[in-house]
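What follows is a single structure, and I will ask about it in a moment.
Lettered A, B, C and D in written order, each chain numbered from 1.
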Amino acid sequence: MSQNRNPGDPLNNAGITHDHHFASDNTSGICPEAWIALAEANTGRLPSYGADAWTQQACDLIRGVFEKPDAEVFFVFNGTSANSLALASLCQSYHSVICHDYAHVETDECGAPEFFSNGTKLLVGSGPRGKLTPEAVEKLIHKRTDIHYPKPRVLSLTQSTEWGTVYTVDEIRALTAITKRHGLHIHMDGARFANAASALEYRTGAAPADITWRAGVDVLCLGGTKNGMTTTEAVVFFDSQLAKEFDYRCKQAGQLASKMRFLSAQWVGMLKDGAWLRNAAHANLMTKRLAAALREIPGITPIIEPEANALFVDMPAPVAARLQQQGWHFYNFIGANGYRLMCSWDTREEDIDRFTQAVRAAAETQSPDPA
Amino acid sequence: MSQNRNPGDPLNNAGITHDHHFASDNTSGICPEAWIALAEANTGRLPSYGADAWTQQACDLIRGVFEKPDAEVFFVFNGTSANSLALASLCQSYHSVICHDYAHVETDECGAPEFFSNGTKLLVGSGPRGKLTPEAVEKLIHKRTDIHYPKPRVLSLTQSTEWGTVYTVDEIRALTAITKRHGLHIHMDGARFANAASALEYRTGAAPADITWRAGVDVLCLGGTKNGMTTTEAVVFFDSQLAKEFDYRCKQAGQLASKMRFLSAQWVGMLKDGAWLRNAAHANLMTKRLAAALREIPGITPIIEPEANALFVDMPAPVAARLQQQGWHFYNFIGANGYRLMCSWDTREEDIDRFTQAVRAAAETQSPDPA
Amino acid sequence: MSQNRNPGDPLNNAGITHDHHFASDNTSGICPEAWIALAEANTGRLPSYGADAWTQQACDLIRGVFEKPDAEVFFVFNGTSANSLALASLCQSYHSVICHDYAHVETDECGAPEFFSNGTKLLVGSGPRGKLTPEAVEKLIHKRTDIHYPKPRVLSLTQSTEWGTVYTVDEIRALTAITKRHGLHIHMDGARFANAASALEYRTGAAPADITWRAGVDVLCLGGTKNGMTTTEAVVFFDSQLAKEFDYRCKQAGQLASKMRFLSAQWVGMLKDGAWLRNAAHANLMTKRLAAALREIPGITPIIEPEANALFVDMPAPVAARLQQQGWHFYNFIGANGYRLMCSWDTREEDIDRFTQAVRAAAETQSPDPA
Amino acid sequence: MSQNRNPGDPLNNAGITHDHHFASDNTSGICPEAWIALAEANTGRLPSYGADAWTQQACDLIRGVFEKPDAEVFFVFNGTSANSLALASLCQSYHSVICHDYAHVETDECGAPEFFSNGTKLLVGSGPRGKLTPEAVEKLIHKRTDIHYPKPRVLSLTQSTEWGTVYTVDEIRALTAITKRHGLHIHMDGARFANAASALEYRTGAAPADITWRAGVDVLCLGGTKNGMTTTEAVVFFDSQLAKEFDYRCKQAGQLASKMRFLSAQWVGMLKDGAWLRNAAHANLMTKRLAAALREIPGITPIIEPEANALFVDMPAPVAARLQQQGWHFYNFIGANGYRLMCSWDTREEDIDRFTQAVRAAAETQSPDPA
């Protein structure tokens, strides 16, 4: 199958412009701040492979955001590779990675972590609202300690989670305390880290450093794509020792861009005056607004309170089907009636209003007469 | 080392804009045609992972250029991954790939082909001017036929070659005739395929189809980056059977872009009215002009006649050092005095004139008085 | 840790001879038939790597046992590699293997299947008594069909199972019917295949061919070690096409013995007059005897009816602890009170009698006075 | 191809006993000392996976032989896996291993080092008589230092070499001095280490420790198979830190024997009273005798003076062909007329006498009358 013939994707209607998306934050384009930086970077000739000023500036901005001058920063093309390479750098093939059973590395990377690490196993634990509990982690660490089973070596947390929730500083600390005690490294899948950072700053005043290295996180995969950039994520090693030879690892794995400036310049555009957090705050806010609006509609029930930019609602399947026929895009996430609605940096209030009206209409059509 | 601290790269002067580059065609930016398409693609929301109209159009344009309606096309991020994934799809870990000892997959991918294929060995053969000879290929095929040595399974050709030369249709046919007889697949590393296509069309009227599948090539990695785009290469399977499940392979290996349109739209921009060949023709022409100008300078000798966009010259090392001190960028390629000078879509005549003058001045300073 | 300092193994009392083992059938030595063949094979010089008469004879005997003259047979060193190499030969790295959640490849190979295949994921399903149900398999096949999740490619069945049960011919056929319909291959982990074959022949008259290729199995890993041999398992491809280049795969993976005769001769000794089935029948019979004896003891309850050579009993943990202190070896298998007792070719009736007495004594001590 | 149908092996005449072998030392059987120990070990039940007294004793004997009480020792099945696992434990996938272009890991392991390490590249250097020179090693270390090429991480030496020569203590020290200075580890492929140890002890009084860890070697793969045992090699880490988690690595890679005692007991038999060195001394002596005898025959010329148990002679191809037709087995090694003749623990003087007579007769037949 060529890339334009993807049979597993219900959105596969190539040729039609879709304006009605709550399918994913990766259906949005490039936001203005990133675009302008791209345009500025497209001037003249610059050294390749990251030896350019844009890349230096981007790394320094990330170090600044995280208040960690000795952090090591690497830009790769996407989240699959960011997470898989980071995990591979922390593991040997006979190790295992503890993660939530809804973790993206487990459910949506087609075995990429196993591939990049040449066989590392993912050990999945549970926890309500997409978050691992200390008990679940402790149990997996102690489940097996003999050589016939992969040895736990990394705890991987997703922030914000696949359920649109956010680990608090205390929750992260409780988990990292356990894993540090047993010699495990902590990896954070931050494909939507900006959404978590914005939410936590708003709610608790926590800074990015507070919810990462100060809370025990060793490596963060900081998402750019879903934050409004294109094809770029940053791998941030807070412990510079762990970054040793990571440049070789990226190169060998096909993740070293020759025209690096077109990845890094976007980061400059996003970080220099806080656009990354503004985008996230906007998406989070739109999600809350969407939740509030849908909650008013009989038969539509938010499954959990949204904390970032994902909303999960219970909706009768026929209602969902009707909306999808009208061109609204979103995915079934769990069970027969659980749907995920994602907001993004470019979600407009009017999109929410129109969608809410459409849902209300569809829901009323669905149950015209309860008698 | 973070990406902006690359100690192995002599161009590592981050913070300084370099306008004087003959270092590589990957130091150029994005050309206007690709840039405009990028801008056009940055509108609204589109399905991700390639299920969008840009991607369909890009695939179709490539099929059209190669006169192969059933070709399967995949867009990945860079040449390392394009070549490595294509080779991995043609091989098992105990197979081997025959290539030239100057092949980029052997010399500049940090073991990526071995990594993606979990151990496939590269068997290197020689040949003048960067081209494998039938004799060299035949010898490697027959070198070992026992199970204690990896079994040859693929012939990998670079077009244009790392020496800036171009395989003719007859040369390709002579090689593929051998390998087909022994059941090997043919892979073409086309990081600079456009330069070869332009040169061959100019010299012989050969079409892209003539120098690929009609001559026996199974898979082409068609370069976008060095042709004027950013972070995108296309893997083109002329035999659609060989493309089976390649989409899964890309996904698992971190080479499936969620915002695919930003890769594919560039291809649309470049292919729809021939910019890809114009860019290549320009670079080739500038290279010839550079060769002609330098040939006039005493002490500077072209090593081989350039056929694409790379020029190799013999130049006294002190002359080269002086130029590099002045801010001209280019790499030593072979021996003490062999240097590579690359032209690109954005090389201007005035760049060549200024460089030529600088070389002449440096050469005269170098040998003021032979007495 | 060197090999004699294995901290995860409770039997780690190096230096003490253990005669009281129900820990595993791999604590037994080499049975007389295999030993005699080893001795006979240790004469003079023979071609290495399998080009000897013993190996030819062993392959032919296996073909005869399975009534499949065109089967391809390979001898490797152990079960880890037999299963992992067989699975790797049926899969690409982005595929998945469906197996029971108690399958040895999932629970006790330290990620070997993932390692040999460079990332293939195991998808675990459930089913009572260690056996996968058609429903569980069907569900896993349909669970995900998009490129973001590994594609199911193989069904792996263990025969006899890790719960000491045996798939009947009808059960195997029901499973293979599903998987064949969806294009999956069938692998059988037969570390204890002899025990299953003996049990099924006894109960139903089914021949080895009936419970393998005639029922749809593509590849069988036929266990030698637990059947009374040392360090050898046979990989049997019933479909010779699937065996293509498996010799290269074994070689590259460190599983081609130079002095092959010392693996293959044992198979000749075991197969030529049926010792492999006699050994298995004996172990099965001892297991039934053990079950019958323990069932008489108050407080000791077989968890499931044994069908091969493993018995699982519920036993108060203090009783188990007392027995282990006395030098009896066996493992906790499930929950706080579930223990596994394995019989082998060398288990004697007197071992069972002595163990039964010890259990009875320990159980009585345990509950001296219920008042 | 099943294991008894190896088309690449000229010795593939399954069914015929070959007594006339100089093909390899792996065509010999098990020597008496190893066999007796095997028989002794085949008593009763013992803990599996190395937690038995035989394994402890074998490890301790190896520690004693090398005067290194804290060495970590692991027994695996063959040389392919011993070397590949040892190298994988010292490398990451983006590293490279420096070895001689005749090194067995390069020429005869079917890409096993690349497979076990997930892509590590071998960098081959030259040197006369099968030995790497300091200059060759230094050159490979400095050849490339950028991230586009695998980073040298290990020097692998074969002792005795593939050319039947032996590195002296000074030669090893000269090489390890270089590599230590650049942070490389030293691996020794000791498939025929006993032959080297015996030769050096005889010539210079050097002890095993002198030619390994005292000279800078980190890890030795100590050959058992070619020394008279069956399917066992020992991986000896002189630096115990480097052995960390090697037990997991062995397990995952299919190299942990459940019935470990049948590997380790052989080592006890061989080491407890010096049989390993006696066997090697005998093979070395027979080789010298063979060289002396063949040197007397007109037209037969030793290529290099044998130092261990391999003899390389120049012999007219028709003479070689005639001998092979008579049932004498040996391989062409280099060029048209270079043949390798291996002696072993079981080579008898009468074998040499008979072979010498046969060579003389064949050589005379070959050139009856130069007129």
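Here is the rule we use: contacts are C-beta pairs under 8 Å (C-beta built on N, C-alpha and C of every residue); 3 or more make two chains touch, one makes a residue touch a chain.
Not measured: the values here are computed from a predicted model.
One copy, chain C, sits rotated relative to the other, chain D; on C-alpha atoms the angle is 180 degrees to the nearest 5.
On a Cα centroid basis, the chain most remote from chain D in this structure is A.
Chain A and chain B have Cα centroids separated by 34 Å.
One inter-chain figure worth recording: chain A and chain C are separated by 42 Å, centre to centre, where each centre is the mean of the chain's CA atoms.
The multi-chain contact residues of chain A, meaning those touching 2 or more other chains, are 6, 9, 49, 93-94, 109-112, 115-116, 118-119, 147-148, 150, 247-248, 251-252, 256. Judged by the touch criterion defined above, the protein chains are all mutually in contact, each touching every other. Those residues of chain D lying in contact with chain A across their complex are 49, 92-95, 118-119, 147-148, 150-151, 245, 247-249, 251-252, 256. Across the complex, chain D is touched by residues 6-9, 93-94, 96, 107-112, 114-116, 118-121, 145-150 of chain B.
Residues of chain B touching chain A in their complex: 1-4, 6, 9, 11-21, 23-24, 26-30, 35, 38, 41-53, 55-56, 58-59, 72-81, 84-85, 109-112, 115-116, 118, 225, 230-231, 243, 246-248, 250-260, 262-264, 329, 346.
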